[in-house]
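Both complexes shown next keep chain A, but they swap its partner, so chain B is in the first and chain C is in the second.
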Partner chain A sequence: MNLKIDTRFVHLGAIANRVLIEKLRYPAGFCLGILAPIIIYLPFSFLARFIFSSQISPGSPNELMLRSYIFIGILVLSFFGNIMNDIGFYLLNERMHGTLLINYSILRSVNTLLRGVSIAVIGLQLLNSILLLLAGYFLLGIVFKADLLILLTVSAISVFCIGEMAVLYAYIILFANERGTIHRIFTGTIVPLLCGISFSAALLPSPLSIVSFLIPITHIATALRYALTGIGELSSVLKVNLPCLVCFVLLLFFVNQRFHDIVVTRFRTHGKWEHY
Partner chain B sequence: MVNGNIIKTWTWALLAILRKDFLVSSKYPVSLLFSIFDTLISFITIILTARFIGLSSGTSPAAARTFESYILSGIVIYQFLDTVANGFAYSLIVEKNIGTIERNFTAPLPRFIFLVGMTLYDLGLSFVKIGILILGGKFLFGITFFGSHASCFLAFSMLFFMVLMSYGIGFWGAGTAVSSADPALSLFVLQKPLMVFCGVYYSIAVLPFLMQCVSLLFPITYAVDMFRFSISNHSTIILPQLELMIVVFGAIFMPICGYIRFKQLEQKYLHEGKLGQF
Partner chain C sequence: MEAIEFTDVVKTFSVNTAKGRKNQITALDNVCLQVNRGEFFTVLGPNGAGKTTTIKILASLLLPDSGKVTMCGIDILKDPYASRKLIGFGVRAERSVYWKLTGRQNLEYFGALYGMHGKTLRKAIDEVVYMVDLEARIDDYVERYSTGMKQGISLAVALLHGPEILLLDEPTTGLDPQIARNIRQLVKKLTTEKGKTVIFTTHILSEAQFFSDRVAILNHGQVVALDTPQNLIGKVAPGMSLEVNLLGVRGTVKSHLMNIPSVQEVLEGALKDDRQVFRLRCADESNTHEVIGCLLKHCDRIESIKKDKASLEDVFIKLLNQGIDNEGNPYELKN
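Coming up: the complex of A and B.
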């Protein structure tokens, strides 16, 4: 039993190490991970200044709060998008390069492979987010008022939730036809619209609000906003967002197990391990 | 001297490339539909963000409507840069990845015609997107543009000049993207900052001084500003006549510069034998 657990840890470490080596080979991509959210944030920030400048003096507390609100939203969006991109396409790439079968033969589980990848990708994205937060504080004047206990809790649950979403996404991408479009739909313009990234989801019409409530990113953005900047209400975070996120994690975990069985059975039956 | 037969050949070549792009695109209907409505979704997000900011700042509904028309006009003209320049570069990257770029470049056709042909489909798509944006603005948010026949002519002229400037950025971006190890990164770095500097959503007056200085160096800033001036009567950054001159100069100068840069990079990579390599 112990030997089995030890072997699994060694496997996870080896996969994570391999992903890290691949990622660090392209440092420009890592730098873009910090630069891109700032470039996406700036037009919104100047738009806020533009609208505020016609009303009251720019730089007022309301404007600063609003900019922090948008900044945290974009941070969550960038974290989510990068993880979905890196983990989501991993199985497909393994299959295209013809290494999926050999990796499965060693690990006896596709899920273990994806979790190993998740450790490295999420670790890098967390580092990326910390650097982005520092850039926000020092360069963009974002105001933080962190509630450390809530921040740690929300971050831990969010990481698990996004990780599980990415694993599910990897299975979907593996069998999808128009992968590029599916990726753009899941991580592109629809998420900022439905999840209240740059505005409150309360502004959405009621049918879209329901859809918004059913997407974990909405809850992650709301909870992280409270944890990092104090925007929102603690009671709402504790009673609505965190319980919803825990439910999403559990649901996604079971769905992923089911998808894993389907993928393995399908591959064993049809022998499509190395088929593109 | 260019005779009639050559023009006919070039036209057929342009139509052949357009037909190829159309056939490829129609093979993926979900992608085509999403690429059209993607622009509308982004626009709705920006308008809702502006409304959210307006609510937080206590802006009156009338003032909010002004901001919304301001944003829509910026997005409409910026559409060309986003679609044409990006589509152009991505078409070349796809050609490179599937290994057909070198063979296509050896076709007895001026490179300029070949490159322009690759943008025709995206250009058409830009007009469809602009139509959807204007209809979406009118029916979803009640945003309308106003102006006389003269201002309409000026607005269409600005769209035309913006297309030419987009070709300039597109040539430059395509050359860089084809020769780069990470094309998406090159395109992002080359094009996205323009959105920050050129006042697509806001007046460049709100930018910090240094950023304003950089912003004034781009002819695209003046094209966006003149377009806004022509359709919704917003005041211009500098004298309208002077802005018009800068826009015309940019529309001539930018495609030439972009094309020269593209040829330089093409020659370099042809000699090194890297053009056909993925």
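Coming up: the complex of A and C.
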């Protein structure tokens, strides 16, 4: 049987493979990167649990909720932050090193390059998340009540959504020529405060709750919390969070395509494939 | 059919100045070029002449403002992706491959992007690695390569998928003469033995003279000359050059030499121990005896005389000094 595979899929595989080879070249750095969220965030979560356990009776619903917020906060923030960082700056680095030019002289589009990178980066972050889940279970005593179907659906849509957000961020960085300010604002302030990471988004004052609703991370955190720990409402996840996430994915996909066209036209018009 | 047709191509860039103003720079001004299949075609020019812009337009990395560019009959502005399959694109070594990967990993990556895999890819890698003489170091990290080896791997990437057309942007810049010569010889061999078409940009005039089938000289975005190196020399800088080493020069030899009818230009330089060197450009050989007589009269001894025909360098300098004619048209060669 002669199977003809679309060259774009071959390209995605080749790019992802190259990024993995590059990352695995330094095993110590790679392992540290994988363990970083546990090393960085878990001490904070232990501290938070210790402080609040004096006010909340152990084993009560409130205590379970507190644990789940701490854990989902770590998971989403590290997953989102690392992906945004790795994919967001990728295009800028390729452009600086001159390899963007060579890649585009072969590929159909810059989006293919970014999505190939996304596969590798997200794959590694999923591995990272599995380690975090184990750490959550053994160290924080999180009880997982995962509905596998919901968990897989939520994870798949979340991965696509964060991947597309990171691709959009990569284009914004190119346009704004900025070196991390947006990333710091987003992962340092907007996501922890507005996205229901550390506390429920329902507690936000009304204007901010609207803003919160318009950020995909809010829906990812809510849906993941339900899918992993069972805290929340299934109907709300199915009727609000998942449809919103699908809409965000589609919207981001089209926006990214538009950004891609603008960037490529701009580069092909002004010759800005390289930037030292 | 021509491998490449470049018709009335205009390309301008808008450049922001430090004061916030925008300047328009014309990189290519109505450039017309035809490159035949199997030809080693060199684009020469000073910095900023439009050489890299030409190559990047051919690689569909830049859009011209106007004009038409076809590659083996494919309009690259309408179907850039189809034209990309025909080309191998090589830029300067330090900016074309991943330094954190080995040479082989780079070739495997780019081979996969070209849609190659399995035995075909392995065979192609072995072939190009042999061609660029990197067999001993192919499994070493590129960051540990010398500049010449990096250029070799960059060339190997461009050759990997067996493209019909090779676009090489200053591939020998910054290399030592031996490696530069090896690369030129390899590229020349590809045209003579495998029938590849090569577009090669360079500042190094000697390499253009000895390896190119035809040469286009660009200046300020215009083609100021286009012919074989021999024809260009014959038309633009006929005659010869003399390099004379003299001992004990007396008086102003230069002004005496300039009075001889066929002498067009005299350059002088001091050497050690009362020695001087004179470079003369003569329109023809008719007054050589007068030149020698004049030199003998004004020095103690002639230590050496070297006679040369004009080179492409002479053509280049003459054309660039002459520039574009009053109507703004490219320089027209007179037979």
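As a working rule, the second predicted complex is superposed on the first by the 231 of 276 C-alpha atoms of A that agree within 3 Å, B and C clash if a C-alpha of one lies under 4 Å from a C-alpha of the other, contacts with A are read in each partner's own complex, and residues count from 1 in each chain.
Going forward, contacts are C-beta pairs under 8 Å (C-beta built on N, C-alpha and C of every residue); 3 or more make two chains touch, one makes a residue touch a chain.
Source: prediction; values computed, not measured.
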Partner chain(s) touched by A:11 [first = chain B, second = chain C, both, neither]: second
Contacts of A:258 with chain B and chain C, given as first, second, both or neither: neither
Greater residue coverage of chain A in the superposed arrangement, chain B or chain C: B
Touched partner set for A:25, first chain B, second chain C, both or neither: second
Which superposed partner A:105 touches (first chain B, second chain C, both, neither): second
Partner chain in contact with A:266 - chain B first, chain C second, else both or neither: neither
Touching both chain C and chain B, counted on chain A across the two superposed complexes: none
Contacting residues of chain C [partner chain A, same complex]: 13-14, 53, 56, 59-63, 81, 84, 87, 89, 91, 94-101, 105, 109-110, 112-115, 117, 157
For the chain A and chain C complex, residues of the former touching the latter: 7, 10-11, 13-15, 17-18, 21-22, 25, 97-99, 101-108, 265, 267-271, 273-274
Chain B residues within the chain A interface of the complex: 28, 30-31, 34, 38, 41-42, 44-46, 48-54, 56-59, 63, 67, 71, 181-182, 185, 188-189, 192-193, 195-196, 200-203, 206-207
Chain A to chain B touching residues, read off their complex: 26, 28-29, 32, 35-36, 39-40, 42-44, 46-56, 58, 62-63, 65-66, 70, 178, 180-181, 184-185, 188-190, 192-193, 197-200, 203-204
